[in-house]
């Protein structure tokens, strides 16, 4: 029997791998690192893996465009789970290097943006050397340090460990509460059951022939007491100023209020791509207005059916 | 076999009787004049008649409170049709009386308000004598003219004819386009079929514990492209400032967009009284936004059912 | 020097006179009873009196159309105050008459509607005789009882007293909390100062060329946190289904949030008739959202002026 | 006298330099390439240059986070102009290299995403080598081709020319209509005059204590007929799910309807950062609803002042 296989945004030693291990701690599955979000989702679409783990949102950097766009086009995929990973950076070097020996630091520009306060204070004269990823900064330092022009790398703890580097300072990010949200993506052949603490993700495309625009879409949530937790606008790539909206909101497609909102959006939008309902990582309770419970919807339906039944007489 | 019986707001010779004859010209049914709207609807509720004809709205005077309130409380009744009657007044007198002989005019105060322009110009010195109804002004003039203190009555053409009075001037109303809308009311044991040009009447009671109020109710129509044709606020009689809303809107309870709006209102309102769907008297076409046709709603439902079916896997 | 003069909806002995005495207890002014709301307001417009007192709203019957319509057209008038009068009815008769002697009761149909519960229980066999007003029922009973066909009148306490009748039963209304709201109307040559507990009355006419309609008007209040306390639709008398809206809301024209709402409505409406700002009779505190206080508006204006001043450079 | 100086997102040969030359074709000013958007804006804030040119939005990639975030924090800066630059890619190589010699292509990952269709069809076996920017791909190829592992670079036409490379194929982007929008940024000591075809940019921070959220903000534009042309949500960096909104809309801060919307947003938002009003690059006419013209606003203000003046009497 084949083991369950996960694709993830590699290389090894990234926060994404950490997310995967957090999602599936028993580590029973096969793990396939991929060079890009697109590559990971293509492995999933082609059936070579059973799920993919990719970042979707960072509390400092915002939405991850590559993921949003890859989910919004191509063969349908759905999100079946999410994981929140605190983003902590270490600065690490080859064994024996001391902090005072460091005159240049290599890392990805996103990571550099998040540790610059620490760097300005601790190593004010150190030069920044951009790299293609935090993990590659570490890997290159471990494998061929002489060509690089830097003596220390900023990366995830898991990368320092993976490549045998020594941590010179822990948790050096300026925003100590930084966190990245990863989603577990599947082919749309199953759906997590409602837990009462769920989220749903959709992509909405406006009709160009309708005034009102975004306001009209958001009202569909508001009139049903549904709370949005993320809104990203993404270009539709047709022309400058043409956007679609990637939205997370509280509730599950099997909930009545969510079903009603989705049906309305299906009518109002030029296109609506459903990207899944799944348990919220926070596990926080969702407050449902008494007038938007499942029972309130079902009672209203029964009432309408009684009114309409008069027509038979 | 019993003949079909109509109660109507009498006495004989009123515009309401005219409405009834306009609704059922073949005159096959029995006609029962009643002293008040309440009385007419009580005859209907008790089963003594099969339908009642009462005024609901006048283009000059506005909503007819007695009708609105009588429909909003008591055993349920439904509107099954409506008739528009142009309101034209005549001034009439006993045969032989000439206009120049008239020093006082009797009529109901509502009618007087609508002919005062004519009176000021034609009979500037004539005194106004209030009566209990336009028909009673005519009837009394015909039956015991000596006690009245007036020599001419302002009433409906049908009343002059009914009581054998001579018309001194036709169509004397200041608003020549004045029209009254009458409804045909039934017990809720049947419902007219949709014609595509229908109206629906409801009474909405707000929840006192919700901000937003009327705005929240009206949005339920607006988001579904439903056009309101009448809105009256009526006191709930609980306390000053506590109102319910009597509303007519385009569409039939069997229409999908109307069903959806009614279900939402049923959830949002403290109470919703359904007062019937019926063909609009105007016969004018209703413009339905392509995103709110029955087919658009049914397509959205089928789409949602496919999404939800994944949960079974 | 001329004494201050009030017109009021007479005759003497009505609830309106009671409202006037409640408004101006020292009774220093001259009181002029008028036969109709129109007549009272005409005396005011022509300068023969300084103010008029007329009913505008009843907790059982709703808005008083005659007043709403008379204020909405003709030369401008403004409301400068309001009074709430509890409506209590007495049944009274000529001295010596006992309750068991009463076989018929005279009163106005509105009053009869409000005491019918008492009548059904206490005098189930008594016949109802409609009269032109509650006061005239009492006056006629006092002055020429023989022609009337009734032995007891239902009227205001003040009328029984005024016409020397004996009260057979007090406070016989079915809704013991019934109350009527009266307004004190002036020519628009002064305006009460803001008290922090004020109301404002307007009449709004929609543009026929705008979709959205009433919703668009109500949003102007909602986005500024302004609470509506009364909404009446009234026909514009142009054609069936053409309505204007008579609205009371909390706040004074001198309040910033009210000024902002009025300016927006002035733009959005075909016409806006301002009918005055005046202290609320209830004296209840008005809750003002911190983002809609005068200071919040003025701070925003100063901030905008700083932004715009850049353009001078 | 010092020449006017522009900072721009370098290195030389980027689309940003092309934007700068498009904005200021006479090339009278000094041009200072910077390594990052942050660096360019810091030169501006510190007074070393007079303006900065940075990308803000791409029709394929969406908003440029670095720019949005750098404008939203730090010392205030304002946008004073915008330029639209069509994004066309060339593939280029050292003179003498032919397309069939190319086994690997270097470019930035964003550019690679936009030419992959062409690459798959024309050079299906070519390997992709990621570089730090499109310009550096070209520059490195020109200056030390032997270390690179690629024989051709994908970059802007201006870069091929700048570094003496030979263009092997023109306009190879998959989206031939791709365009990037650049903004010209200044210190807030001046403001372009209104042209009637302007745009305004703001960043809005929601109050955490208000329900309604984004909907409440967008309504402020909608009720004043103001059209939004871009909406980006950006994390506030406080915590996951805490967002601010970067918004472009039609109109100038000196326009009445824009001033009114900004004042309302100033009250409703926890914070509002004004990022400038400037002529729209498109030059397209803006449709202004007759009820939201400057004159309509000014007329409403005069009307209100007349109403309020009564209070003086």
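Order of writing sets the labels: A, B, C and D. Residues in every chain begin at 1.
Assume a residue touches a chain if its C-beta (ideal position, glycine included) is under 8 Å from a C-beta of that chain, and two chains touch if they have at least 3 such contacts.
Keep in mind that what you see is a predicted model, and the values were worked out from it rather than measured.
**Q** Starting from the mean Cα coordinates of chain A and chain B, work out the distance between those two points in Å.
**A** Taking the mean C-alpha position of each chain, the two centres sit 58 Å apart.
**Q** Taking each chain's centre as its mean C-alpha position, how far apart are chain A and chain D in Å?
**A** It comes to 25 Å between the two C-alpha centres.
**Q** Using the touch definition from the top, which residues of chain C touch two or more other chains?
**A** Residues 219.
**Q** Please classify the inter-chain touch graph. Allowed labels: line, ring, star, complete, other.
**A** Looks like a ring, each chain touching just two neighbours.
**Q** If we use the touch criterion from the header, which chain pairs count as touching?
**A** A-B, A-D, B-C, C-D
**Q** Using the touch rule from the top, collect the residues of chain D that touch chain A in their complex.
**A** 36, 57-63, 65, 84, 109, 130, 132, 175, 177-179, 181, 212-215, 218-219, 222, 228-235, 237-243
**Q** Chain B touches which residues of chain A in the complex?
**A** For this pair, the touching residues of chain A are 78, 188-191, 193, 207, 216, 219-220, 223, 253-254, 259, 262-264, 266-268, 274, 291-292, 296-297, 299-301, 303-304, 307-308, 310-311, 313.
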